[in-house]
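Structures given as structure tokens follow.
Each of the two complexes below includes subunit A, the first together with subunit B, the second together with subunit C.
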Partner chain A sequence: MSAITDERILHASPLRKLLGRPELGSVVGAIAVFLFFAVAADSFLKASSLSTVLYASSTIGIMAVPVALLMIGGEFDLSAGVLVTSSALVSSMFSYQMTANVWAGVGVSLLVTLAIGAFNGFMLTRTKLPSFIITLGTFLMLTGMNLGFTKLISDTVSTKTIADMEGFPTAHDVFASTLTVGGVDFKITILWWFALIALASWILLRTRAGNWIFAVGGNQDAARAVGVPVARTKIGLYMGVAFGAWISGQHLLFSYDVVQSGEGVGNELIYIIAAVIGGCLITGGYGSAVGSAVGAFIFGMTSKGIVFAEWNPDWFKFFLGAMLLLATLLNAWVRKRAEATK
Partner chain B sequence: MARFRTWVGIAVAGVLCASLAGCSSTGGKRAEDARKAAAAQGKAAVNTPRWTFAMITHSGDGDTFWDIVQSGAEQAAVKDNINFLYSHDDEAQQQAQLVDAAVDKGVDGIIVTLAKPDAMKAAVARAVKAGIPVITVNSGSAESKEFGALTHIGQDETIAGQAVGEELNERGKKKAVCVLHEQGNVGHEQRCAGVQETFDGTVQNLYVTGTNMPDAQSALEAKLQSDTAVDAVVTLGAPYADTAVKARESAGSDAEIDTFDLNAKVAAALKGGTLGFAVDQQPYLQGYQAVDLLWLYKYNADVLGGGKPVLTGPQIITKDQAGALAEYTERGTR
Partner chain C sequence: MTKTPRRTALVELSDVSKHYGNVRALEGVSLEVHAGEITCVLGDNGAGKSTLIKIIAGLHQHDGGTLRIDGEETRLASPREALDRGIATVYQDLAVVPLMPVWRNFFLGSEPRKGTGPFKRMDVDLMRRTTHSELLRMGIDLRDVDQPIGTLSGGERQCVAIARAVHFGAKVLVLDEPTAALGVKQSGVVLKYVAAARDQGLGVVLITHNPHHAYLVGDRFVLLKRGSMVANHTRDSVTLDELTRQMAGGNDLDDLRHELQRT
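Take a look at the complex of A and B:
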């Protein structure tokens, strides 16, 4: 035996490294779900079907990535679902009421959405209340404002169409266009999703901010003691969620021209589910961006796979719940094994 | 612990005994099964290949109205040798994705509701482009043709609303509340606007959370308490009529409750006089006709309606007609 005794500089075997990855459980789950539907649903493997599945996954995944980062940082955001609707409403109504170029509305929406995210983070770090309470408050306030302002300004529960306004075609291209690759149509949200995964993974694993996120999620007081700017990190994470909500919201607006003010409620839990299936610990300090993407992919496969398999979609939520439990149990088991064999 | 187990054992045994011995000779599951067995005598009456039709609606989870639409569609599917698939989502984006999934699946026909037409535009266009015949039902009579659907089967919501307004005039009402239970449903807005057009008194819209009955009831209760001049409440769905009746009781109001759509409870309440009138749009017919017309199109390229919506309503039902319909509502076809 050599003199090296510090386990941190020991080389771990590749297998052990793999077992320690947070997204392992979800990848195993995703492969299982994929194989399952490939067998159970005959049209599941068609390219166009997979593109629909990817699209469904991306609409969840764009939000699941920043929500996962936030969870690694040890916090929740219950306002994430309706924030998407708020963001779409702001850009639509600003453009319409001011008769402005659509891009002006998109810009204003970005500022407003980021401000709401910053508000969440600021309230959290200032009041030291649990994020569950703070964001539950913003969730309810946003739900009310979405409906109230839309009725006040447009006089109906949905916004007026902005499809004939200047700037709409280019904005549509950026947020809601369809790309044809090899005869198969892909929605551009898939690209946004992949870009966000790459960006988030880079931040988490290669930058100082990434270390801060893990640190504040793992042990906030210890992190503060070693000089991590806890407040700044958390506010930044909430603004990250807001940025995701902005992209999703613009996609909603530009693919459907109008926005329904009452939508988005309940989606915040779906984002959290995707992150948890993807291996994020609900207590913070552990998880990955790729994992949340896999979680979103499982979600997309299940929701559309049930249609392809000609099952009654009434059971969808049951499958989702079972999947959530299984993924979490598998994660816990794998982690225990990995730690025991160290 | 042992004692606890004994008690549990006694309780379980007791329940089992009661369920074996204490049969009810009327109603219940057995009566329902007997009715179903009688209804399910039908076999495919045609020898066309087994086509697959998908129906995608904007219904929320567990909405009784859509159960009736579905049973109509299933009845026609049995007759026409159709593999009938049903899916639904009350979020526009999800509903559009379900249509996309049906197109990917390569179904032979699509039946879709256009409650939020703008959101469904692209998905319906994709289906039409893929050569899949589309029939719209229930909501979307204005957009159906523009989107490239064969025909629309449903009731013109504005006309239905106008019929309600006229009926309210006849009954000498002065102040009505229109209760909307689905945020953002254009058809619902049209109904209330239609009431407003023909009604001589004033109409106020009240939004309630449709998926949360106690909440809907308390919202209406508060409204009736705060505004005692209200003498008519119009609900837009049959289950909400019953809720409105409860709200009226606890608010101590004597407003007349009227409703869109029909179910067993509404039929009974009409008969008993707790409800004023109901406006039916015959959901069974919407499901049945949609499947049947798709089949006719596939089989014989037939299209009904001549480019105009095929209307299934409005049909005003009062105390006099309710008796005959009670039996049909019981079996879930009206």
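Take a look at the complex of A and C:
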């Protein structure tokens, strides 16, 4: 008995191991969706189409990664969608009003956004109310503040352009530039997305914090009893979502140079859907960052594939809903296997 | 309970009480835990067993009386502090996180790490190897440390939790109803690990409502009833029959028998 494995599991087939992965449902789904649109839409397989699909996936994926971590930790964040807009509004308005270098606005926005994330986590751990209620409150407050402050300061529902301000070109390069690889244009958000997936996977699978995230989502009381700092872990997760919102928000701002204050409402559900399709359990304790990325990719393929196939985009939500149901059913089945007691 | 002056108890409670608002959960409870001995706490549902463990485990603070650890009077502020003082508690239902692999559960809250700065990470190899060898040392031969701990049987899960406490150098092991949800055979297995922990020199607090299990391994017996201590025996001062009778409610049981008698 020197090795960790012994003769009793030598014959466990690789297929069985694969069945235990949280991403399985989403990967099967992604392959199906890919094949479907490869057949249905002629232009779907072109490199430029792939780039478009990846871009659409990345704008969802950047948020789906931290939202997935939060869900593994057993909580929701309904304010994630509007927080992206808030983050963009803060940088834009701070830079414009203070006539400062836009990087100053970007920095202030990071602090404000992280503070809102910390507020969510702090309220949750102190009041012990469900995160659904806490973040629904934050969602409504932020929605109101986004519109209210913008109208108060610039008299319209959108911010003033900051395109001619100092620091705009470099900030644009970092958050919204386009890179050309082999004649195909790729948006830089794809790099941000991949970097976040790698970072989140590292945290989840190889660090102590990752162990704590699984534990607070899987059995909070057990985690607390063995000394895991539950409150700190959850506040950290909400600040992770805020960090994602900050990146997304800066992209939103620097792609155009103005921000519409009413944007972002409803996106929080899309992030959650991507995470759930990717194998995150709605009850917490199970899931992966890679899964959320596959979920976001399915989302990107479906939203753009329908356009490439020249169908009415109204059908998009139908596909998304069907995908969500199928993936959740498959995931529930996988979980039952994982949790089955002898 | 101050009999012969002997070595200091690892944990000693004297006259401890706990109130939740105007509800008296615990009143005047005293017990001692010594190294290499098992102290059993017996009582029916609602007798105050859970409150007692929570005080020893640092989840709640006592209102009255004294708690001594290694002879030093103290008040535990958190489970973390109890752990740092060498008191490990294994709860009946909350011992583990079912969906997490055995090795992650084993080290939860005390993960060994290597590397520095941003590359500080868990020593996964060490964690896997140690989990397997520590469980083997307790006599648990696990097929795969990567399997979710929820796939183990209830008895095996209790044993993993006990092995974890022993590995992390616990001096006192508090076990909350480790045999409550188990069958006869599984209970026997768990009791064997409890005895194994005792033989390694740990002081054990075994909470149970089964006097037969308690008498198999126990050195001291504390009986709780409606928040009060009704008896405190050492092994040589009580028989299993007497313990069972007191546990079952003593005279109450006679009354009940009388009431239920068919006419």
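Couple of notes before you dig in:
Definition applied: the second predicted complex is superposed on the first by the 320 of 342 C-alpha atoms of A that agree within 3 Å, B and C clash if a C-alpha of one lies under 4 Å from a C-alpha of the other, contacts with A are read in each partner's own complex, and residues count from 1 in each chain.
FYI, a contact is a pair of C-beta atoms (placed from the backbone, for glycine too) under 8 Å apart; a residue touches a chain by one contact, two chains touch by 3 or more.
Treat the numbers as computed from the prediction; the structure is a model and nothing was measured.
When both complexes are overlaid on chain A, the residue A:127 reaches neither subunit B nor subunit C.
Judged by the touch definition given at the top, the superposed model places A:252 against subunit B, while subunit C stays out of reach.
Shared-chain residue A:223: touches subunit C; no touch with subunit B. Of the two partner chains placed by the overlay, only subunit B lies in contact with A:158; subunit C stays clear of it. Of the two partner chains placed by superposition, A:97 touches none, neither subunit B nor subunit C. Contact with subunit B, but none with subunit C, is seen for A:260 once the two complexes are overlaid on the shared chain. Across the two superposed structures, the residue set of subunit A contacted by subunit B and also by subunit C is empty. Those residues of subunit A that touch subunit B in the shared complex are 43, 46, 48-49, 51-52, 55-56, 59, 147, 156-158, 161, 252, 255-258, 260-263, 303-304, 307-308, 310, 312-314. Residues of subunit B touching subunit A in their complex: 61, 83, 85-89, 91-94, 96-98, 100-106, 116, 118-119, 121-122, 183-184, 186, 189, 207. The touching residues of subunit A, counted against subunit C in their complex, run 1, 4-6, 8-9, 12, 202, 206-208, 210-212, 214-215, 218-219, 221-228, 281, 285-286, 335, 338-342.
Subunit C contributes residues 57, 59, 79-80, 83, 89, 91, 94-100, 104, 107-111, 113, 120-122, 124, 128-129, 132, 136, 141, 143-145, 148, 150-154 to its touches with subunit A in the complex.
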